[in-house]
Structures are given as C-alpha cells and as structure tokens.
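Next up: the structures, one after another.
The same chain A turns up in both complexes below, where it pairs with chain B and then with chain C.
Showing the complex of A and B:
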C-alpha cells in the first residue's frame, strides 16, 4: 500500500517536483504535492487497497498529512472514531 | 417587537424601527473592524455570472443551495402567452419559455471581490469589505436564524500567506472581544461547508483533513465565520502578489443572526440592547 500511495502522489504531482524529494514524512497538502481535487480519488484508492470503505465523517484534521500518517490511519483494519460533523454557516 | 419583523415563510424577513436600527448598528461595528485594516468598501450587485462562480466549482459543490434569476424569453408571442395566465391556482408562476440562465444570485458576499479583482498583480496586501444580500436554498427556514435571503458583511484580505494568516487571527480575536463586550458568549468551532454529496466532494474532504473554517457559535447558531482559502481564489482568479498566487481569507458576519443573538441575550426591549458600534469603537 505504501508504494502505491507513493506512486499516486508522484503521478498527481506530474513532475512538478523531483521524485526524490518525496519521503514518507513529506507534507502532501501543505507542500502542494496533492490538491483538494485529488482527494476523492485518493480516498477510493485507499478503500480499494485496504478492502473496506472509509467513512468520510470520521476523517480528522491531519489524516492526509503524509504517507506515514495515511498508513497509520488507513493502512489497517478500520478503527472506530467519532468526529462530530456540524455546519451552521452564516 | 414582532411588529417590526415582516416574515415570509419562503425565508426572508423585513425589518423596521429598532430592529432595523440594530442591524445597521451591527453592520457599523463590522465596518469599524474592517477600518482597522484600512479595508476599502465595495458594493456589488445581486448576481454573479455562473461561469465565473463555477471557476471555484460552486455549482458542483452546492447545487442544492444555488438560486438562479430566471427571465422570460423576450419574444412577443412568448410574453403574450405568459400574460394570459401568469399564475396558476396555487399562486405559482406559470413560466413559459425562459431565456438562458447565465447568472446565480449571490451565495456569499466575498465571491464578488475575487471576481472583480481577477488578473490583478498586487504590490501590497489588499484589504476589502463588502455587504450583500445572499441567497441560499435550505430545507427549512426560521426568522433571523436561517433565511433564504439574508445579509452578509465580509472583511477580506488578499496577500502573502503570513499576512493573511495574521489578518485572520487578529480579526477573529477582535470579533471575540466585540462579542464579549456585547455579552454574547460564543464558542469557536471547526466547521465544514454543506457540500452536496460530501463523500465525493474535493472541497469537503479538504475541509475535513485540513480545517480552514471556524465558526463563532452562539449556542448552535453560527453568527460569524473565519475562513482561510490558502491560494485557492488567488490561483483561480489570477490575483498575484510577488509573482505567486495571492492567499486569501475572509471573516463573515450573518447580520440577521447577530440581531437574533442580541434579542435572545438582552431581551426584546431595545432599551436593554448594547450598541455594537460603540463597543467596536472602544476596542
């Protein structure tokens, strides 16, 4: 799964950065390797790789920070999390 | 007090007397907060070109909230057919042929600003403020609390990342101090926008894993929000600073909700209402 995540990120970065700069601790969103438009596809990829769905309502801040975090968070059997979702925007 | 509130169950309110004075006073308070940044006031129309709004994927993200102005096709035969029976027995408009819909009624005041300033190369951070009537379709409506047409004041900063982050943090602090002075207790909460089919929405997923929206909640009601856009609007609308897409942030106020919060907190007798503008001036 780790290697496939790495391939996914490099494919989305489309040569904008040298591949050797991507480590398992590289901030994927903060450093611009991935943008928001890539996230649905990343979610589908992780669901396929681990064989179980991911409930987006359980996503938390920092879950997509880097490849290590993705592996810790989604690389294994799904854990139960609770994260209240609320929107009351003006 | 209800004598000064004219409520339509389709989700809009009219105000007069002390209620109108209070919302004007709140807006003056927000303008005072904006003036601390030297923000330039702009006034824009009620509609945005749909093609421009779609550059930030609005229609795909919020189709359930979008509201469109519809016009009859202008040919005389079509207008004559319409005139013959403009309403049905339920009071609904019996539309005949319509012109192509190319605009969206303003869903948030600040969209106009990015559209108006597109293509600009900034030589210094840009601070703007604007107020507009905003339109959003909701599943239910409540007077002052949740309306299909409501008034939004926004303060916006466009500039380098550090400047924008500083603006957002300090303005949010000012809002907190203002609310303290008005005796309105709020809790700032991480929030997401109400995206359509959120599991498939890039914007929603991004907001979940990288929170950029915080709301000042009086009970369950958000009366203000602080929103960090990173370089999203700068990149889409070609607004640059130092050769890079400008970052941006906005602080938004739902003005009718402030009125509701003040009446909830201080009662319906205007004699007991604090002045928001006086409180903002004293910050």
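Showing the complex of A and C:
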C-alpha cells in the first residue's frame, strides 16, 4: 500500500515538486502535495487496497498528515468485513 | 466594494426578479408529494437505465433485469445522497454569506436560494430514508486554505454551479422518462424546475466575478485547476463501491474502477459535463483540453 500511496501523491502533485522531496514523513496537506478535494479519491484507493470500507464519520485532517500516518491509520483492515458477494468481475 | 459585491450590483434587478418568482412558486415539501409506504425495488425503474453507472460496462451485461432495476433504486439513493451532501455544503456557504455587509442588497435572494436548497434535501432525504439509505460521502471536511475572500467567493459559487449543472443533466432527462416511478420523476422534475433559477443566477454570478476580479494569471490558472479537480472528485462519487456492495458485487472497488475507466462511461461523463464545461471554457476559466480529463 505504501508505494501505491506514494504514486497517488506524486500523481496529484503533477510534477510541481521533485519526487525525491516526498518522504513518508512529508506533510501532505500542509505542504500542498494534496488538497482536500483529493481525499475522496485517496479514501477510495485505500479502501480498495485493504478491501474494506473506511469509517468516514470521525475523520480529521490529522489522519492524512503523511504517508506514515496513512499507513498507521488505514493500512490494516479491521477484523471483519461483510460485503455480500454474488457477482464477480465480468 | 468587493468583487462579489460589484458583480452582484450588476445582477441586482435580475436577482430581484428571481426572488419574485421564488416567492410566487413557494412550495411546502411536506405536502407536495404523496409518498408510497413501500417501493418494489425489482418492479420499477428509479433511475434511467442509460444513466446508471454500470451501463455500457461488462457488469451491465451480467445483471439480470430485476438486478438492473434494483441497481436503479440504489443509484437513485446514491444520486440523492450526493445532492444531500452537496447541498449541505452549499447551504453552509449561503448561510455564511447571509447579511454580510457587502451583500445586504441581495440577502432576499440568498434567503430563497437557501430555502429552496433545504427543501430539495427534504425530498432527497425523504426518498433515501424511506426506501434505501443515505449513502455516505467521502468528502472529508478539513480546514480550508487561507484564501482571499473574493477567491473564496468565486470558488464557492463556481463549484456550486458546476455541481448543479451536472445534477441538472440527470434531472432533466429523468423528469421526462416515462419508465421511471412517479416519485422519482417528481423529485427530478421538481429539482430541475427550481434549479433552473439557481443555474441562471450561478452562471451570471460566476461570469461577473471572473470578469470583475483583478487576479493574476497564476491565480486564475490555479482556480481552473481547482475547479477541474472538483469536477473529477464530484464525478467519482457517482461510481460508489457502497452501491455495488449493496447490489452484491464481489469486488465493489474493482467495479468502481472498471466503470470509471470504461469507454461508455467516459462518453457519458463528457456528454453530461458538456454544457458546464463549454460555459467555463468560453469564460476562460478552464482550458479547452479539460474535456479530455473528465
């Protein structure tokens, strides 16, 4: 997940900054790598990678501080998930 | 005088006329519609087939007719949920501008605007809570950027206009679609009728704000980027994995990605966005190549 997050951030920064400046501790919102408008897509990406929904009710800006925080906060799925599965991809 | 106030002075008589129409067509959302106790999700259509997010994808071919109809109910709830979340932000921004000293002359129309948005949410919420649910939004409220007020005003009204323009594409088509359940047709038709005023006002205001501002090239380019990103983020929410999970798809996030990337859905988004993009491009807010991004 870490490398996917890094790719996502770099794609959203669109070459405005040298990629080597992005570390796992780089402030993503505060330093302008991401904007709040990017967060829904970031949440979708993390949900897809971990295979479970993320509870969005109590999220705050600090949860998106840097890649390390994202991994700590969202990197691991809760113990159970209940998406009923009937159809597979065509 | 702020750029917004200057722009609104130009719109003074116009907004008064809109206020008169709003007062004349004032509606009680608690009595205007007879809600059935239940809906048979697999017996009717609640979203036009062609507007469903899986239409034209491989997933669509795999669904039996009752499942397609159930998807049409779930996506109606998702569409109305998007509107609820969008209107919450809009109402918050409108309320923040009520009785602002530089906008006092236009408070009357802002009151109508706010009132009508609240009523729309009563309809949307009425449908979702009776027959499905309010789908969550992944829009996370975080502290806003410290922008100048005229920039904030432009972004607020431009985002509202862009969001409502796309919604209105759906509303117009579905209001006329005789296949749809009467409740779904009513909600779409009613929303379209009232949004017509908001859209005309939004276009005039966005145009006036853009032309009145003394922003430099970098600021204007950044505003264009932010609007483009907002449009993309708004469109993403039409492809909701939560809907696909409720439908029973095994990999709802994969389905969302596949539907988003499908040629049929790209064509659909371009068509549905065309009116809004054409306006913003003609104004110089967005570059021509933005149509490829949607």
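Here, the second predicted complex is superposed on the first by the 76 of 90 C-alpha atoms of A that agree within 3 Å, B and C clash if a C-alpha of one lies under 4 Å from a C-alpha of the other, contacts with A are read in each partner's own complex, and residues count from 1 in each chain.
Everything below uses one rule, namely that contacts are C-beta pairs under 8 Å (C-beta built on N, C-alpha and C of every residue); 3 or more make two chains touch, one makes a residue touch a chain.
Not measured: the values here are computed from a predicted model.
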Partner chain in contact with A:37 - chain B first, chain C second, else both or neither: both
First (chain B), second (chain C), both or neither touched by A:2: neither
Partner chain in contact with A:48 - chain B first, chain C second, else both or neither: second
First, second, both or neither for A:29, with chain B first and chain C second: both
Touching both chain B and chain C, residues of chain A: 29, 35-40, 43, 56, 59-61, 64, 85-90
Residues of chain B that touch chain A when the two form their complex: 150, 152, 189-194, 198-206, 208-211, 213, 215, 217, 220-225, 252-254, 257
Touching residues on chain A, where the partner in the complex is chain C: 29, 35-41, 43-44, 47-48, 51, 53, 56-57, 59-61, 64, 83-90
Chain B contact footprint on chain A (complex, rising order): 29-30, 35-40, 43, 56, 59-65, 85-90
Complex contact set, residues of chain C against chain A: 57-59, 61-63, 136-145, 226, 229-230, 232-233, 236-237, 241-242, 245, 247-258
